[in-house]
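Labels run A, B, C and D following the written order; every chain starts at residue 1.
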Amino acid sequence: MVCGMNGVTLIGNLEESARKAVQWLVNKTPIRGIRDWGIAFSLWPVHFTTACCGAEFAATSAPRFDVERMGFLPFVAPRQTNLMLIEGTLTRKMAKAAVWVYEQMPDPKFVVAMGACAIDGGIFWNSYNIVRPKDILPVEIYIPGCPPRPEAVARAIIMLQKRIRRGEAVGLKF
Amino acid sequence: MSEERTIELLIGPQHPSSGHMRLYAEVDGDIVVRLRPNIGYVHRTVEKLAETKKYIQIIPLVERPSLADTANHNLGYVLALEKLLGIEAPPRAQYLRTILAEMNRIHSHFYGLGIHGIMLGSSTIFMWGFADREIMIEMAQRLTGARLTYSYIIPGGVRRDLPQGFEDEMEKALRYIERRLKDYGKLFLRNPVTRARLEGVGVLKKEDAIKLGIVGPNLRASGVPYDVRKVQPYCAYPELEFDVAVREEGDSMARVLVRVEEIRQSMRIIRQVLKQIPDGPILSENYLKMIPPKWKEFVEKKGRIKFPAIMANLRPPKGEAFSRVEAARGELVYYIVSDGSVTPYRLRMVTPSFRNVVLFEHLIQGCRVADIPAIYGSLDYFPPEADR
Amino acid sequence: MGLSSENKIEDIAKKIAQSLQGLPIEISTKDEIITVNVKHENLVEVAKKLRGVGFDHVKSVTATDFPEQKELEVIYHVSSFGDLDLAKVIVALKTRLSSDDPRISSLIEIWPSSKYSEREQHEMLGIVFEGHPELERLLLPEDYEGPPPLRKEFKVKTEGIQG
Amino acid sequence: MMNLMDLLKWILDLLFSPWLFVPLIFPGLITVFAILLFIIWFERKLAAKVQLRYGPLYVLKQLGGAIQLVADLIRYLFAEPIVPEQTDKLAFVLGPIFLFAASFIPCVIIPVSSSFYAIRSDIGLLISLGLLTFSPAIILIIGWASNNKFSLIGGLREGYLTMAYEIPLFISALSMAALYGTMDLIEMVETQSEGTWGIILNPLAALTFLILAFMSTSRFPFEIVEAESEIVMGPFTEYSGILYGLTMGASYVKFYVLCLLFSIMFLGGWQPVPSLLSWSPLFSRIILPGVILLLKSLVIMIFGVFLRSVYPRYRIDQALKIGWHMILPLSIGSVFLSLGLILLGVVP
């Protein structure tokens, strides 16, 4: 694409240059810091329960553990969220939906795998109908346990927050 | 050119109130013309895996499908296994099993109540339900050491004895829950909006309930007083007094109220159990004598069972066993075929949720779109339990 | 369980035997379970009679694969909600069919509660229930390929020592 | 030095000229954003209090997590803005912006005090209410443009509800106009300063107006358009990033405007201004009345968001029934009440 402007001619792909410019701007120190702070304190997981760990995940946002304290608010549609918790076993049928949901989420987005099943199958390791999340999604943090206690989930959230603020979590594509 | 009147809504598996399933709803305006549930999103092949695992290893396996109601699943399986092995747990163990099953029923019903609340839009009821559920989880944790997956009930008995001071703590917890139930009445059950949403919605007639083989609170809300604890009592239930909560209306509200009444009855049972519990061993004599003397001392002092070696390779004789228990969501059926080896030849597990799946297509037809979550929630359907 | 309930179960077993008179069946009683063995050609007839006695729902439909005999065993566990005396017993309606081309007439007309169980057994063991309105995939993914998982020929990985 | 003072004075004058102050500071943009940040945080905190927990906290523990919404806003800003393939792109992108604008513009009509306003019109009430009716139409467009079945249903729900709430809303507002004999917002307040507040004179109109304000901004128990457990987020399902932020903010802004109108019509607006403190014209003309007006509407808003923790939501047909069968007759009744009061000579 060629843009002419007061005698100056820019040659190149405008969209790509714009993206590069935005990327450069976003990665500047103060802006990056602010962005990472905002993301860290506004992790909204999508309402997507894949298996039985959902019971403990729900308990995590319930009064006794109350992860809303950290700005963690389970939200409804994938478009508005930036975190995906694989809650337990991922069956083959569910794995398709999981990839589908993950692709609908806007960048930056993170995946946390919860429970022994999400790590390597857990008690269902030899089942013919399960998928290991690491094969299909870029998992950021694994939470061991069967099911993990809500404290463990809360700890994973704090860990993720720290990683985001240190710039270690790779939730960004562009 | 024919005019297309309906659109097909795909509700789930990523939907705030779908749980782990998909509902195909054909919608004409605001009316659901046809609804088909598509289950199997959490099908983890428990029945097949059971054929490769030893009998004792299956205890945690059958708990996983119903994480909110593990004790009853554990109990049902062990009862079937005991029938195969031809042993029976001592009376104290029977009472301990009963208490855990009832505690589990309470927290499972609170779970259902909370989920139903959020489906209707009342986040407060969700939070309250999950907060009060924690009380029973905490008590269960004192008894068994785990929050949800207890694996407490083993063939021939239970793993642990009552901890010290359990009775007093439990009495406190029960008083608290009684107090809270009044608040639920004020904020949710008698709330005009809740009543408008639930009364007369999703009516299940008695004949239909029987015909479709519905189980649990959903069946009792339609006026069928069927409760396995009464019809064919197991554990300590024959010696306990309690009423079967029955309502005649059969609508969503009746299903909720039956659950609330069952919470009350469960509390009544727990109180009686703690009063009547006999002294004695918590593991069947047959197994207790196999524990080496060094450990036996530990078992008697601490009230904790060290598994005797025989448990690792239980070999029931050839045959088959059938057991049914009243789990929180309804009747739970186990059928085991043994070929005399260390693994079962066939384990059939029919969970209450699986038997209630049929209600989706039966009840939701002709309702409004907004009624889908209202009815869904009132069924207290737990998809992993149905898919196994 | 006292003596009276034992008697009751025997009474019910007698009642069932009476109503099923003239049909080629075997009845045996163990605990609260009354087992009725039938040939699969007679299944519908027997089921209708049992329905007449008052057994109004199916608790589970279980099929088991016996590869040595090349047979599948199908069991309908039936009981009653309407009559709480009958609810104390469970009738296990057993039948056997060849595992090569397992076909059996569906009992959904008699017991609508068997709908999902029959569908599940269809996909898990490949039994065709003739007359079932929607004999489709239920739990497995739509694109699943391979033998029905609960057949014994379908092997899953096991831990080392067992092989 | 003088120059700097002059410049400062000039800036201050400019800032405090009603043409700039009203749209920009109060009740305009800056207050709107402050209110948005505050009320959403407060809603979460209040719900948390009822629900036996803390709510947002660790983002700034000293202030009880008061800047939670700042974090959310930053995340929205830096999230990838997704415009799905098969949407009507122009409508999809412009919808939220127009929606926010349509909810915000009526702010300009709101007077800050008897002598400080941007626009004074004989039909100020009508203009502000009329401008507010734009937003349902835009929601309908958004729902259509999103090309999502849930959005479509949400948009249609809004369409149905609009009919049910808009008509009684106008009728109960006009009953107050009849009572005061004017549609000028300033005169309304001044009439109340002589007599009693509108809420005491015509409680029927106040009740219906309040319920309809909840209904039109989808507050509980009428949170039907967004109904997250039924139709996900309704018309806003497909929105991500800052566009979603705008749609979410718009309903709060609309609610804020309606609360301002409610305070003016029923709660005596900026009255009573304590005359004790009237030592500075700036203070007595702008700041004090403004603060009083803001506080009054904040109380109503807090009441509105508190209902979230009490009520589940109604079904659409039930809400329509409430609108047509209950509120409409009641609002017509409020007109008769006003006429009766005028005939009895209660109002000057």
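Please note the rule applied: contacts are C-beta pairs under 8 Å (C-beta built on N, C-alpha and C of every residue); 3 or more make two chains touch, one makes a residue touch a chain.
The model shown is predicted, which means the values in this text are computed figures rather than measured ones.
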Partner chains shared by chain A and chain D (touch criterion as defined above): B
Chain nearest the global centroid, as defined over all protein CA atoms shown: B
From chain D, the most remote chain by mean C-alpha position: C
More contacts between chains, B-D or A-C: B-D
Distance from chain D to chain B - Cα centre to Cα centre, in angstrom: 46
Rounded Å distance, chain B centre to chain C centre (Cα mean): 24
Between chain D and chain C, distance of the C-alpha-averaged centres to the nearest whole Å: 63
Residues of chain A engaged with two or more neighbouring chains: 62-63, 76, 91, 93, 126-129
In chain D, residues with contacts to at least two other chains: 51-53, 228, 232
Where chain C touches two or more other chains at once, by residue number: 140-141, 149, 154, 156, 158
Full enumeration of touching chain pairs: A-B, A-C, A-D, B-C, B-D
Chain C to chain A touching residues, read off their complex: 140-141, 144, 146, 149, 154, 156-158
Contact footprint of chain C on chain B as seen in their complex: 39-40, 43, 45, 47-49, 52, 83, 209-213, 219, 224-226, 231-232, 322, 324, 331, 333, 335, 337, 345-346, 348, 350, 354-355, 357-358, 387-388
Residues on chain D engaged by chain A in the complex (per definition of touch): 44, 48, 51-59, 65, 68, 70-75, 77-82, 228, 232-233, 237-241, 244
Footprint of chain D on chain B - complex, ascending: 7-10, 15-17, 27, 30, 117-125, 127-128, 131, 187-188, 191, 193-194, 196-197, 368-373
Chain A residues touching chain B - in the complex, by the definition given at the top: 46-56, 58-59, 62-64, 76, 78, 89, 91, 93-94, 97, 100-101, 123-124, 126-130, 146-147, 149
